[in-house]
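What follows is a pair of complexes built around subunit A, which joins subunit B in one and subunit C in the other.
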Partner chain A sequence: MRRTLVVVALALAGADLVPLVLVVKQAVTPERESFAWPPTWLPGTLTAENFRAVTAAVELGRGFALSATVAALTVAATLALVLPAAWLAARRPRADRRLDTVLTAARLLPAIALAVPLATIFVALGLYNHPAGIGLWLTHTLVALPFAFFPLRAAFRAVPLELEEAALLDGASPIGAFVRVTLPLVRPALGAAALLVFLVSWDEFAYALLLQVTHRPLPPLLYYLAAFGHPGLASAVATIMLAPAVAVVILLEPALRGGVLAGSGR
Partner chain B sequence: MRDRRALLAAPLAGYLVLLLAYPTVFAVKLAFTDTVAGRFPSLASFRVLATDPLFRRALVGNVVLPVCTVALELATGLAMALLLAAPLPARRLLRAIVVLPFALPEIVFLAIMRWVFTSRGYANAALAELGLAPVDWLVPGRPLTYAVVVAVDAWHTTPIVFLMLLAALAAIPDEIGEAARLDGAGPVQRLVHVTLPLLRPALAGALLLRGVDALRIFATPLVLAGVEGAPVLSTYAYHQWSDYGDDGAAAAAGVVLAVATVVLSLPLLRRRAEAVR
Partner chain C sequence: MARASFIRVEKRFGDVVALAAFSLEVADGEMIAILGPSGCGKSTLLRLTAGLEPLSGGEILVDGRRIDDVAPAARDVAMVFQSYALYPHLTVARNIEFPLRMRGVAAAERRARVAEVAALFELTELLERRPAELSGGQRQRVALARAVVRRPRLFLLDEPLSNLDARLRASVRRYIRDLQRRLRVTTLYVTHDQTEAMTLGDRVVVLDRGRIQQVGTPLEVYERPANTFVAGFVGSPAMNLLPAEWAEGSLRVGALRVAPPPDVAARLGATRRPLVVGVRAEAFGAGDGALVAVPVPETRELLGGETVFRARIEAAEVTVRLPGVVRELPARVGVPASALHLFDAADGSRLGP
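For the complex of A and B:
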């Protein structure tokens, strides 16, 4: 019984490693080998030519910069909007009910239903297909809000009210009490939320595809590379894209139990 | 004091009005505008949908794909959680590995799956090594194409269900299973009569969350099968918008999807409101 369980668990883990292994393998194999039939399971020749091609392609360099910029700005905007609201939600049940409902609704809305009107609005504002991704940044912030709000609200709830009250009695201003007493106590949750939000933006595909048609970040670039038959180049881009994602998920593994990864509360 | 504190949510509220409420209203207006004649209100875009066979296929696909995907990932997610809750060697490492498919960015995972399921891809190479004939996995419109889309989407998102159920399993005190064991219950009886009833809230939560998520399935059918291979409402709207430049029809399809999502997510929102109260 126990042996069977171990074998099943190992088989499962093995199967779940296959996609990762295949993409890294294609990234370090010459493209002509990736086109061969039958495809090889392990690299016949090791090469760095795909990664050199990535650095040589101007559009890919720009895509990398755009993805990183939009993700970093999304982290900043999301945390700035969410921090005060999450604190309020943790302290005020009435505000909490409203914020919880609205952010759950925002979390559930289909991207396409919102991307089409946003595209039209952004065209009028000059933010559509913006070279610095301003429109995409504003949109990713909307997508990311629940992923920061729910874990931060939980963290603020865990800070005893008495600590904040004691700081106020000692003469601290409300903002001073927040910055010097509350914020340090939620720092782990804040770091986790920042990483998660970065990842949400870094991985996001649907809005990026619709809102950035020529100034493309990495996900739509990878889509076109894969669709138009560049297995080596696409796999090199994929490897660059997945590195931070895998690192963040492994770093956050203990914090990811429950619904945090799915952007839901509790 | 009371009113001033509520101002803390003001930036977020203002942002949500501009980026969520306004575009939603705009989407409804766009859907009911005749984009050729510029008339509002008009049902012209919905008439386009009603007469388009691809829209009907997308509607059916938007039921079939989510139902099958969620059923598959609840079953596998539960099995994985039960398996990896057991005291196995290297359990932490195994848990991290089975979350990997979801850790990969969706588009990376789908690009790999494209190479796996093309005619000269890894799936057919594996069949060839077993001495079997190659299979055309992704012929547009065939049941096998839908099955591949379901399997790939479930593979990518099962770790979410797994993590939710694993957390719920960890919250069940060991004493309960122990007591059942002392009362003479076997492993299957303990699973059916003790563990599963205790997991019910978590299973219902996972079903609602993933169910509503699955309704907006977009990238998996698009990347694997294109806009006509296994169409859903999102790929249909994208097709209208990017290939025909028909904002009105795209918005109308988006509104149909949004309304379906809202209706189906009401139980989720009500559940949350009760939990918060």
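For the complex of A and C:
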């Protein structure tokens, strides 16, 4: 049993890591070598050529800033909306049924089909292809809601109601009880939700492609480079995209550790 | 430190009446034990008092002022939850300090008060620990410390001993009694354990199905149970309840003639009616009495200091408790007239003194 689990874990890790290693390798190898036959696992020559070329070819800095801004705003907006909603859902069964239905239904709609009407609305509002990605931010927030809602609702359900009641009797306001008692206890889930939402926005492609036609965030930039026959440059962008994702995971890792709830009761 | 008045307090959940017409005056510094089986409404009463649930009717007053329309935070009522409800992310010191912090008490005074109650509850060594690092008994003391640190007007305890093992329970019980005497906090103590209620309460309120069955001192409730429910619930073992009948001026348990207390005989008159005769297990003695029976012994428990027999008298199963080591149940057992309790079989209410 134990051994099977280890094998499965290694297989999954391998399936994830092999493409990552290959893309990073391709990013730091001259293009000629990347397509050499037979293929090599390790780069023969290291070069920064792809990174230099990609900065010259496209507005990489702007794309990076746009992606980062949209992702950060999406995390902020999603959590601001989901925290009260998930708490309400965990505490009030009637609110829960409604929110559950709405958020599950929202996930069922295909992005491509929604992008067109959204684009129409954003054109009217002046948010289409916005240089700061406001339209895209709103869309990403909509897309990310369920990703934050479900883990946070589960976490709020795990916090005993009596802890909030104790805080009320100890003199806290309802908001005070939430901030001082409930919120610290869902910290791991909050970290996980923030991470998920960041990643949802950071590598979201369909809306980014259709709503930001000239002010492009990183995923469409990468797509155009790959589509127009620059695999080396596309790999360089992919590598650049990996860096913040890894950074966010490392940054949030301490918050993801569980066990905060132990010891409240008997 | 305060008086509390409950005036026809009522709570309904949909069609279910959790608490009906609950009226009680609690004196300053008094400890009231609320005793009843699960689902009798005792926890509901605490939650209404704390403000965690709205009342369906009636009023709750503290020192003559209504509190049932005030937010929980403003009631100045402290509650110890059955699960303790310690804040798991805060140290013991921060847990105890929490109510003071919420009330804007200055840091220096907070430290002093925490140190004071920590000493009182023998928690000084544990102040920097988190709840997860404490034993059950220690958590229990932290919960009590957090409740008393701000000197509440009313102190509510919801089955605070039910999570402790039997040995610890007895010592914490004494501890709570001493503490309450020393602090003189008006206290409502909810329990389903009649030993706790009898030893802790200045008065005991027996609740069943949302209604008060009896209010009285522990001895009153034990010696003069108001109805068959109280008789069966208070006391260990439960009072023996024997079906009986009053007819033509005589009282019978099955074929057995029982001499009724004289004032009862006068009051019952000539009407024929079914009754219940109550007898405490320890009221039996060898030989004569107002009720004399030849019991059919079934089992015997030798407990050293006393011997408990299960036996059959007429159709009823009874428990007989005799002092010391008794090898065999006497052939004839008797109960004096003063130890007989009479109840109306129709509604269970007590007849006579």
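Definition applied: the second predicted complex is superposed on the first by the 207 of 266 C-alpha atoms of A that agree within 3 Å, B and C clash if a C-alpha of one lies under 4 Å from a C-alpha of the other, contacts with A are read in each partner's own complex, and residues count from 1 in each chain.
The rule is simple: a residue touches a chain if its C-beta (ideal position, glycine included) is under 8 Å from a C-beta of that chain, and two chains touch if they have at least 3 such contacts.
Keep in mind that what you see is a predicted model, and the values were worked out from it rather than measured.
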When the two structures are overlaid on chain A, which partner does A:251 contact: first (subunit B), second (subunit C), both, or neither? neither
Given the touch rule stated above, what does A:181 touch, subunit B (first), subunit C (second), both, or neither? second
Figure out whether A:56 sits in contact with subunit B (first) or subunit C (second), or with both, or with neither. neither
Give the label of whichever partner, subunit B or subunit C, reaches more residues of subunit A. B
After lining up the shared chain so the two structures overlap, which partner does A:48 touch, if you call subunit B first and subunit C second: first, second, both or neither? neither
May I ask you to decide whether A:172 touches subunit B, subunit C, both, or neither, giving the answer as first, second, both or neither? second
For A:104, decide between first (touching subunit B), second (touching subunit C), both and neither. first
Of the partners subunit B and subunit C, which touch A:26 in the superposed model: first, second, both, neither? first
Determine where on subunit A the residues touched by subunit B overlap those touched by subunit C, and list them. 261-262, 264-266
Residue ranges of subunit C touching subunit A (in the complex, touch as defined): 50-52, 71-73, 75, 77-79, 81, 83-89, 98-99, 102-103, 130-134, 136, 139, 146, 150, 163
Residue positions on subunit A within touch of subunit B in the complex are 5-6, 8-10, 12-13, 16-17, 19-20, 22-23, 26, 34, 37-39, 41, 80-82, 84-85, 87-89, 91-93, 95-97, 99-102, 104-106, 108-114, 116-121, 138-139, 141-142, 145, 202-203, 205-206, 209-210, 219-220, 222-223, 225-227, 231, 234-235, 238, 241-242, 245-246, 248-250, 253, 256-259, 261-262, 264-266
Which stretch or stretches of subunit B touch subunit A in the complex? 5-6, 8-9, 11-12, 15-16, 19-20, 22-24, 26-27, 30, 80, 83-84, 86, 88-89, 94-116, 120-122, 125, 128-129, 159-160, 163-164, 166-167, 170, 205, 209-210, 212-213, 215-216, 218-219, 223, 233-234, 237-238, 241-242, 247, 250-251, 253-255, 257-258, 261-262, 265, 268-269, 272-273, 275-277
The subunit A residues in contact with subunit C across the complex are 160, 162-163, 165-173, 176, 180-181, 184-185, 260-266
